[in-house]
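Same chain, two partners: chain A is paired with chain B first, then with chain C.
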Partner chain A sequence: MSTEDRGNRFLGPVLALPGIVWLLVFFLAPLYVVLAVVFGGLDPIFRTAVPIWNPAYWDTTQMRYVLEHIVGPTGFFGPALLRTAVYVVTASLLCLVIAFPIAYYVARLAGRWRGLLLALLIAPFWISYMMRMLAWVNLLANDGLVNRILPGQVDWLSGRSEVVVLGLVYGYVPYMIIPLYAGLDRLPQSLVEAARDLGASRTSAFFRVTMPMCRPIVVASVLLTCLPMLGDYYTSDLLSGSPQTSMVGNLINETVLTPGQTGQAGAFVLLVLLVSLLPMIYYVRSVSRDEAGL
Partner chain B sequence: MADPRLDRRSVLRTAALLGLGIPAAASLLQACGRPELTASDLRIASPDDPVRWTIQDDNQPIADGLSPESGPLILYNYADYVAPGVVKAFEKQYGVEVKISTFNDTDEAVQKIRTGSVPYDIYFPSYDQISRLVAAELVQPLNHTYLSNIENVWPTFQNPWYDQGWQFTVPYTVYSTGIGWRDDQVGDVATLDNPYDVLWDEQYAGSTAIIDDWHTAMAMVGLRAGITDVNTDSARDLRTISDGLSAISDATQPKVTVSMYSDLPGGQLGVSQMWSGDIVNAQYYLPKGQSVDVLRYWFPEDGKGLVDNDLMVVLKDGRCPVLAHLFIQHMLDEKNALRNFGFIGYQPPQRVLDTDRLVADGYLPENLATAAVKQEWFDSSYRLLELDVANDQAWHQVWQQFKAGG
Partner chain C sequence: MSGRRTGWWRDPWRKPRILVAITVGYLLWSLLPVLVAVLFSFNDGKSRTVWQGFSMRWYWGDPYRSVWYDDSLHAALVQTLRLGIITTLITVPLGVALAIGLDRWHGRLPSGANAALLLSFVIPEILLAVALLFVVTNVALPIALGTSAQVVGLVTYQIAYPAVLVRARLATIGTQYEEAAMDLGASPMQAQRRVILPMLMPAIVASAVLVFADVIDDFVIVRYLSGDSSTEPTSVKIYNTARAAPTPALNALATLMLVTAMLAVVLGFAIYRWIGRRSGHDGGIGSFTGEA
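Then we have the complex of A and B:
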């Protein structure tokens, strides 16, 4: 075997090493800690979580408690989980409706304004999410600007689902615009031009060429916004504060520091992880199919 | 079966394997260094069963007459729960720096204290944590020779039932839990047959709140239903409380928060369960031009409601125990206590404060005179106690169900 062959043989593992270490330290290790807490024990006095590292001694009590209280007559977690799904799906769709035209315009039609528009799109990231939500608290307050402009007095911050959903949309729409822009910017213009040369109208070329090529970009962008939304709790806390708008993130936040319930917080984290895996698998399969097609 | 609990070696090995790093391992080792306890080690203090805690050989008070350390002194407290001016005066007097770390609730605080990751010197808990803090040896016994200002506080706190002989605790503030409202939005709550009913009144849906504290909120629901044992272990009582929480959720969808001190004066809320200290603070959050007359507070005149007190304790892992004693002495000083009251709104149990004259002396506006806490209430009111493990779990489950919005 030549020196060059030996070099090539080691190059792949060496290049993969940082990624593997990253996954081990920042994904697998924390996941194992969560498992050790979910299936761990409780301090008898403070009822705080005592992680058990050896799977042979794992106790399923906390996980069973969560699962047993999702559906049925004692299923008091169920509504919050369902509410989370409805809020996240609705907010993601609204984000897509808002973000796609903006990203499409900036990526393909903005011309010399592209740089400025891109900077403006990134601008919300300069202000923390919490601050932006607090700004809405002021705007939606009873004596806030919104009530002063609109006719009638509305208690916007009194536990309204629509306010929480709109808060999620406002908070996460930049997270969708940026990846959509990055993807749309890299779409091959030549295919669209070929479609036009072959007689397709602008609309037809958009729906029959651009849109199918956008599918993995859209899926990735929706995923990028869905995942943090699933764990979000402060939007509901700040814009509602009512248990009637509790999401799974609120359940996690509430249980994680409550004596005796930390393991349940871990169980919710695992549920969110499992739910998140489904669209991730769809995305990976979708991308693989597209690549095989090419 | 082998004991699955942690030992030092397995913790170190696992932490290293998982890449948790030295800080995490050190914290866990710190936790392992605490005494091994079981639920039976927990003795619950109550007015009917006062407790004098045993001082352990390995947890003795500091010696008399020691010089203060060079600092910094680290306080562990709620946000905005100590007056900066009073802290600055201490810094100036002793030439040391005082750092303030904050927590959102005491459950979170105790978890962090137990890790030993930060050497907090003074912690400001409620009295309903003291048995756990003492049992786990997280607090240090006090040396009374440094604390002559204890003479300034109400006699009941010089020998409290939760810490006979005040071996570990000195009182910080006293407060009642009642109902605060805006009289431009809500009728006179005090004239209702059962004033707690106002929180269930559908006409105030969307402008109602209860305190985001499981025991305080659930006890109020119980009191409304006539359950005066606010630490009940009766399954029937807990069902009644659970039903009450469902009913309030259906009727008014209350906000569950601790920010009523700003939400009520801001007009977001019309009526709310409130701590007396928060309604006092609320006057400072009124919009410009709004008169303080709009604020009202109700607490049972006979004192048959919830009254509580917060404490100052010296933590065992602190690095400045002498400074900690001197700071407590500083806070018990009459002038400093009153100055602190002026900032935080929560009343210190100082003898010098004539609770019948708080309005005349300018501490409270006339319409909030009901927020004054009286010493005699501590003999007749209902006290939130530490609960045993099983009962604590039962209460938390009811609260969890309510908070899930299910």
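Then we have the complex of A and C:
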């Protein structure tokens, strides 16, 4: 490290410090505030949250309340949690089924069309999520285009799971295509050519060489799509608006602004954080490994 | 080469027609609904589903309910742009400095900071939004709900973009250029400013565009951290009124945001290519996906 021998030693810390302080104050410390609110008390008159900062005095009432109402006869939170899991898994799998062939085609086979196709695939990134949902609200409205083209009058926008899942797929597919494309684009073509030279057919080269190399890319892309979906509540709100399709995000959204229930919102936030922690750590580790390998 | 016309039946993978069909079908499915929504922002009538002729009524023609004259729509548009500009101006320098710093600093603290940075990139947005809402409402900080809290939230959520893009670029630059600069008498800081920073310009421009376009589309953070309706940006406006009998003015508002984002991207890409060509680093549009 000859650069560090020349008085460069302090440059790194000096440049990095503002960003590190920012992350500490506005990213890591807030997570502790969530704990203090969840394990805190309630103001008896104003029903506002009273955080308890010292872990020694933490009060588990609010957390227990949420956990006790997940399963069993009074488990009114359970269905939404289960539904979140089903929606997220279904939507992610559908995303993968749609995204993989497209990313594969654009990365490996598209030739001179690649730039244009890539620009069109990225376009949804620059169109706000709300605009894209608004587009479907217009199309699926009772007097909308879909009802006029398809036979029969269907009330699409009131509590239909399939509409919400398709909305999720529509909303999040671009977030899967792009990392898949980036990963597939980096795969060495030479290994596939070697397999073909050694007598593998196209199909068997794909399944025995390309697919195994794709696995980490696929896992990372699925994570990048699943994680934001876990906190989604607006898709269900806009495309259904019914409690029959509410997800854990809706539970957070409905409790967080209700007096006396902010602690519950915090408890759901902790639950989602716990569930997403492992995938997030996996993602961080795989990215760090890539960086180390550069 | 016999049976060229029927060959793909027997071996569908010979020419990727099925893949072409999937890709084209997907693009239609993904872009047509938005085009329809844009089209209806030019509708002459109040309907968002029945075409009644072309007009600019919902942009400025209608003296009460058009984007230009309806104060709440107007305010949402201004707030969105304000957040986009302020956040970009804070996030990009902060993220670039963080990336250069982390690249030159080895140890437990910087690698922990790097992990936190990546976590902030993938954490479900609602978790960060609720956590910051709790901070603003429970801790005595000079940050109030409204623009300042929104900017803090957005910077935290976006800082990974410039940091990750710039680190990827730094990895390809290597250390030889700044070593050469310092051999020639530059101080470490001068070497960064006069040698490394210009080489990082393409990555910085790309990340600025990414941050700006992402911020003006943001919804979760800006909604929880907005104080009242005066600081609710476009996305929140769309969410609040999409199901409650809106007029095509809402489509017009959304279309304006779309045009703004596209303009930012096209402009950014032009600058990116121009700088890239001058510094001999000619990246494609792929560098604009945020996937370093």
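Here is the rule we go by: the second predicted complex is superposed on the first by the 250 of 294 C-alpha atoms of A that agree within 3 Å, B and C clash if a C-alpha of one lies under 4 Å from a C-alpha of the other, contacts with A are read in each partner's own complex, and residues count from 1 in each chain.
In this section, a residue touches a chain if its C-beta (ideal position, glycine included) is under 8 Å from a C-beta of that chain, and two chains touch if they have at least 3 such contacts.
Since the model is a prediction, treat every value here as computed from it, not as a measurement.
Legend: residue contacts after superposition of the two complexes on their common chain; A:155 is shown touching chain B, with no touch to chain C. Comparing chain C and chain B on the residues of chain A they touch gives the larger count to C.
Contacts of A:57 after superposition on the shared chain: chain B is touched, whereas chain C is not.
In the overlay built on the shared chain, the residue A:37 is in contact with chain C alone; chain B does not reach it.
Touch criterion met: A:258 reaches chain B, while chain C stays clear of it.
In the superposition on chain A, A:284 contacts chain C only, with no contact to chain B.
Applying the stated contact rule after C-alpha superposition, one finds that A:83 touches chain B and leaves chain C untouched. Of the two partner chains placed by superposition, only chain C is touched by A:145; chain B is not.
In the superposition on chain A, contact is made by A:241 with both chain B and chain C. Across the two superposed structures, the residue set of chain A contacted by chain B and also by chain C is 24, 29, 33, 48, 51, 141, 143, 157, 241. By the touch criterion given at the top, residues 24-25, 29, 32-33, 41, 43-48, 50-54, 57, 75-80, 83, 141-143, 155, 157-159, 240-246, 250-251, 254-255, 257-261 of chain A touch chain B in their complex.
Against chain A, in their complex, chain B makes its touches with residues 1-2, 4-6, 10, 14, 18-20, 37-39, 41-42, 105, 107-108, 110-111, 114, 132, 135-136, 205-207, 209, 249, 253-257, 266-268, 287, 389, 392-393, 396, 400-406.
Those residues of chain C whose C-beta lies close enough to touch chain A in the complex are 11, 13-14, 16, 18-20, 22-23, 26-27, 29-31, 33-34, 36-37, 40, 47-50, 94-95, 97-98, 100-105, 109-111, 113-120, 122-128, 130-135, 137-139, 152-153, 155-156, 159, 163, 167, 171, 175, 178-179, 182, 187-189, 192, 213, 216-217, 219-220, 224, 234-235, 238-239, 242-243, 250-251, 254, 257-258, 261-262, 265, 284-286, 288-291.
If you check the complex, the residues on chain A that touch chain C are 2-4, 6-8, 11-20, 22-24, 26-31, 33-34, 36-37, 48-49, 51, 98, 101-102, 104-106, 109, 115, 117-139, 141, 143-145, 157, 170, 173-174, 178-179, 181-182, 185, 202-203, 206, 223-224, 227-228, 230-234, 237-238, 241, 249, 252-253, 256, 262, 265-266, 269, 272-273, 276, 280, 283-284, 287-288, 291, 294.
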